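Before any comments, here is the structure.
Chain IDs A, B and C follow the sequence of writing; residue 1 opens each chain.
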């Protein structure tokens, strides 16, 4: 639980769609989102005035790809009491949002819809469609998906042997097969070293294993303000050696966390690196 | 006596080699050692020299430091329960280290981190000596230790919780339990000068600690300069525990278990216990760090978890044994 | 030759004067019994003379640097502290501490002194036993041996024979007398006035914040001193077997 805050944010964000049967009802008028990823989907799709509040994470540029947009909404801190006082008729949560909060809201008679995390590009399309249906904004949802697909197609990376990339985050956290990051890497024209080493989902990649795998591209999160031992491993001399002999990329997390069209920003960055690598005549 | 020294040296050497040989990368022992010595390009020398070597070196350095500090504190306080971790010295050092990191001192001043940890550890030792000096009984020592540990732990948690860095709060466990995972040669060079200075300081205490067996008055009358001895003890302990904690967190119980096990083998003489505990401490930390990697390689198990599992029952046993003589 | 000279020594502890203006000299051959009722300042006087307590006035020992003082006088404190389970032999060797140089271990001469001290106190049979686990009396004998091993011209001991059986008490007093006879000096605080009268060459009586009397036993153990300082009556006689002293009644 302590292990990777960014991961937990990722998870919080991503997870949600089970109660989609609400389509039969009239579209909700007061929607409150308490999860970073539902925040962003809702901001992309909601009608003016429909979304009443987003979570504080949505306004935090460290984790949110839509921090600027979020600033025009009142923020909540995903606590049952404050959410209740907003008188929502629909609350959007992630599947891993604090159980107690969700249960408490349900006991007060508020409808809470939990979104599952998007673990792939196709999950992303599903989440957009699910959000659009919940908000009664099917047309806007279809348009957003179409634009997403078109932009993705335009970014298709060069063919040929995909260079190998490794995600290496604080505490040696990596993302293997079956993750959104894995799909983003592939869309950007890279093979995922962690998946190659048999990692499924998120987990710890020993520094030794990473060095031995010698990835063509090392992708690490940018250092956050304040000091932490978790991030110290990102400047370990062994990694610096790797960076000196191979390509390296420091990324900001927001584009990589949630299944929204903003992930195309991450893909775009990768495509650019791939072009440089190809240009360098690998 | 020399046989014990030889045995301990062999144990440290064997565990050091094992520490170099064990790792998730699956490098053959011969290949790894060859790459370590010969160097060269490629990932194997990199893994051996930049990842495994610093880990093994720190195991030896930190173990020796904690064993030595434990033996010295016990000799001075004439109490087998004195241990840097238990009496709050390591905790105070961790607080110093965390403050240096979170205030940016560690980033602006090259030696800021170990110096701050040293200051923290020194404060901890001074408090303990003030509250439970050689005339204080076991109970005073333990109670003072609990209070200092609790305060240091609370302040460490507070500082980490207030950090703008989202990871910082998750690192409370590291500072309380210690770990050698992912340390580098940078950390070795950061800690080594302080540790060497501390080792030299503590090693000079042997004769004075022996004399203290008979009490302060008798020792002083035998020419032991108690003030100087006390100052050397405080500075030496602060230097080694501070440096160890700054790079690896607070690892408890090493300074308790090792002197206790070795005391009968050195005829209970405090001066001989010093070097024996240094070697024994190195062996114990190397062994614990090996166990961490072999038992649950995927979990980043903290070193202090293992040392506490071994040490805490022994601590209880010692309390039970000394119960009768407690004031 | 004078082994210790104390001049105008005064000691204040927590604002209370324990000793005022005490002066005396200790010469080779003196076997001094330091006597006085509880709280008279016997321990304080010896510790202050050694420089272990802050005091005004002068003491030749307190003026020495610690290592030289340790070779001039051995001190056996009243509290019989043995912190670790070391053997008797090793504990006695601690007495050689002031004579060890640098990081070197004990030399043959040091071992010889330890052997001599063990022999003097009749402790050979206990040499490999753990000192901590001996009886209180045995521990006292070991600690005396430790002080003897220090091999100093002057030995100062705080109630060295308290808790010993009669044979060991007499034997210990004889050891002290013999040391004095060899040209050393001994100062021992002592409550058993009978033993003090028989074995000491000189008694120093402490009371009323200073030295009340200092001289041969017969001149110190006068009925007047006994009544004024100890509040007892006593029988004191010179017999064919030497002086005999026996306290009789408390003076109300």
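Keep this in mind: a residue touches a chain if its C-beta (ideal position, glycine included) is under 8 Å from a C-beta of that chain, and two chains touch if they have at least 3 such contacts.
Not measured: the values here are computed from a predicted model.
The central chain here, found by comparing per-chain C-alpha centres with the mean of all protein C-alpha atoms, is B. The chain with its Cα centre farthest from the Cα centre of chain C is A.
Averaged C-alpha coordinates put the centre of chain A at 42 Å from the centre of chain B. Per-chain CA centroids place chain B at a distance of 43 Å from chain C. Between the CA-based centres of chain A and chain C the separation comes to 83 Å, rounded to the whole angstrom. Shown for chain B are the residues in touch with two or more other chains, of which there are none. Looking at the complex, you find that chain B touches chain C at residues 78, 206-207, 210-215, 217-218, 220-225, 263-264, 267-270. If you check the complex, the residues on chain C that touch chain B are 47, 50, 52, 66-67, 69-71, 73-77, 79, 81-87, 90-91, 94-95, 97-98, 100, 103, 130, 143, 146, 150. Residue ranges on chain B touching chain A, taken from their complex, read 23-25, 27, 43-44, 46-47, 50-52, 101-102, 104, 106-107, 163-174, 182, 184-186, 297-298, 300. Taken in their complex, chain A has these residues touching chain B: 2-3, 5-6, 62, 170-172, 203-204, 206-209, 211-212, 214, 224-233, 236-238, 241-242.
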